[in-house]
């Protein structure tokens, strides 16, 4: 067990965890070590009870036994599943409006919540060929609440994404909840614009704005996301004893 | 064990059995006790080796253990299946051109091999509401060889079917094999018309024609379908110890 | 954690309203949810619209109980026991509407609903007079493949209000397993608005852990779970009991004489304490 | 009886021609058919077009071996180990074409092929710039639902020339079972023109009798069956062995230095006697 001092990554875990509600149907995809920890945190520290599904095709795993690995899609992360529930099955449920929460990463995100996971530069002449959006374009119009996690800097939070992989604007115009947990803040995308809902401890509104490539709305004083307490940190470490969550360098 | 003397029903079983070839993918549907016996006969008496699939979702059953029941769709007929292969799976294979043989019944059939399993009289004001065509309309355009079994009389072999459930003409115009085993004869539907290929023992061309509501072509002397021999009859009885095959009254 | 969905037959039957469209598990004489059908008869449900590929006993019992306004099926048969004893008569008399379908198209329509789509294309079918029936009913339309221009039948999504499926075992949340033939039951579970699982056995979720196979239904699909041991009788239950053909033939004989109701009350409802 | 399809890796690889489109089983670091990928590298296959939903190691190895002309995938990632070490560079240099897809549309395209259809509609997707890419590529088209008039994306059937699937056990005819996560492998088996199953274990058909579950593939789907114990290494095999993350990270490090080929020959091909 390493330090119980929460780092920004751990605050992101808690930020995402708090956005999961009782009774919801929650699914995570690949490279989703942080969402997996958020689901475990929501279950164990916040006592939320939801239907846990995932790209590893597990169903209602024994949460205490969840362990993040370099892949969040293999059989190692979520053992003791109740049978096998395929991703196809979950995506069909999503198409029927039955999936409540899905997590997505983003290399770029704009003021509408449009996300880019496709390419930096142009599609034809890429500067950086990104992994691709996976289910992003498919699920953005279908899932009730989309939780995005990303780095809070001006390369990521941009005025205009190089490529619209995830159609955030489509969601926002229809009033579908779309939220972003960064390593500094919690931002909600609304019809009026991106609203700064909460800040990591020690981060000011000015800093959050300065590191954003688009204008943040601050209709009321953002709350502070209390970092995980000692019990919370013990739970996070229990599920990630190697500290893999820090590999993505959110601090 | 009852009489080993073959009856017309038993000759129909053999007529159908002889139309199954080595290596083919063969599927049977509901109310298909006669096709089930034909498949068992082809396997055991004629030594044909094929992929045995069915509406009971069995796959490569132990043929020696096959027993006809009042339903050919339940788990009783074909025990000891190699796993479960769904009808949906087989129908998808058919849509991809991978199913070679399917058996269909018909309440009426015309000179093109169009079949009616829908209604006697008009659809809106039925004289007799028939069971319906099941997969007929779906599979007629898709399966390589369709084997129909029906009663040989002028109420069944008609000039014009009351309702085109099975699009025989569609098949025949495309040169797809479409054959009919009756309790008197084997007829093949061709672009030129229905050809009398073979007769049950003791049935004359004249009798077969007299009991048909459409003109039969007789380009060459029809062969005689030799009835099942004693071993063949023992096999049929083994698979149908109660003589359920005679319930459909083909003689 | 999803919520517990355990219910009695009497409670679950409240999920089916008069006039609802309904589909059931199994085929002719296998794995029909007969316990639930008894509950529907007991509750006096009316004007149901019945959708299935190849139904048998369960359908005729509902017809005989006066529960149906219409049927959509690819084949409705008692197999070697002849035409559907009651339904056949009701359709011939014009008292129940019957829309004949064909297997692949029923599957396509259920798939469309299960995948959240408005329609699905289907191969085959063209050239059958069924096309006219369905174009008139608004359930199929002949369209062109947008890539090849080829004509193809589009089937409108078939989304029954309720699917009732009799399974081998199920936990209280609705994670269930069917063994042996599935027919389209796993698809029906995914196509319907509401799903009721009746099961031979209710098991702890823990008993389903390490099961290396896909579930027939998950908690997300299911609205009610009913413990109904022997709930397919007199139809067959793979691995557990064969079809009771004597009982089915007896029903058929009663029904042909117009006395189906007697059999239903004396033989079926009585089994469930009604 | 279907014919026996038992083959060696070397025999089965003859079913894949230069220029073929290919899809493989598993996801990023799980159940990739690595033994067969080694055989493809050994045989020097070129110009393959790779289609998958969320590939990882197997794809990068093929890219590093110079076997690919193009890739169609929803996401190609090494997850916590970063961007695809080789493929990323080849795409940035314009040496391998990449068509980005999205999960639901990949599934729809595979379903179309599996069901013998020319196309399938898919929900979602509209509003993403992926639509422009695919309309240009001729793989998607925005059409109208023939019943509601609503706009919907039609995905052209995705019918790979070959699917290579690593399974838990299989009989000589091709009746196979995958345990644990399936991903889209059962669908890929049904969508592809040719199917190669590599299996941890070859079993007698009799061992699959009384199995109350559906098969992952049947004899009708499969063209070759290869015995390849440990054939997913270093990716994970549910119930049998975990991902060998040390080996995967080692590959990644070699690949980043442009030395993937060394690792492939020294560590992967050598395992299979090459």
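Observations on the structure shown:
A, B, C and D label the chains in the order they appear, each numbered from 1.
In this text, a contact is a pair of C-beta atoms (placed from the backbone, for glycine too) under 8 Å apart; a residue touches a chain by one contact, two chains touch by 3 or more.
If you're wondering where the values come from, they're calculated on a predicted model, not measured in any experiment.
With every chain reduced to the mean of its CA atoms, the largest distance from subunit C is reached by A. Subunit A and subunit D have CA centres that are 28 Å apart. Subunit B has its Cα centroid 59 Å from the Cα centroid of subunit A.
Between the CA-based centres of subunit B and subunit D the separation comes to 40 Å, rounded to the whole angstrom. Of all residues in subunit D, those touching 2 or more other chains are 115-117, 122-123, 180, 182, 212-214, 238-239, listed in ascending order.
Residue positions 84, 86, 94-95, 142 of subunit B are each in touch with at least two other chains. By the definition of touch given earlier, these chain pairs are in contact: A-C, A-D, B-C, B-D, C-D.
Subunit D contributes residues 27-30, 53-54, 56, 73-77, 79-81, 83-84, 87-88, 91-92, 94, 98, 100-105, 107, 122-130, 133, 180-184, 187, 235-236, 238-239, 242-243, 245, 248-249 to its touches with subunit A in the complex.
Listed in rising order, the residues of subunit B touching subunit D in the complex are 23, 25, 49-51, 53, 59-60, 62, 80-86, 89, 92-98, 142. Taken together, the subunit A residues at the contact with subunit D in this complex read 30-31, 33, 55-58, 69-76, 84, 86-88, 91, 94-95, 117-118, 123, 125-142, 163-167, 169-170, 244, 247-248. Contacts from subunit C toward subunit D in the complex involve residues 108, 111, 115-123, 138, 141, 143, 145-148, 150, 152, 154, 156, 168, 179-180, 182, 212-214, 238-239. Within the complex, the subunit D residues that touch subunit B are 1-3, 114-117, 171, 173, 175, 177, 190, 205, 208-215, 218-221.
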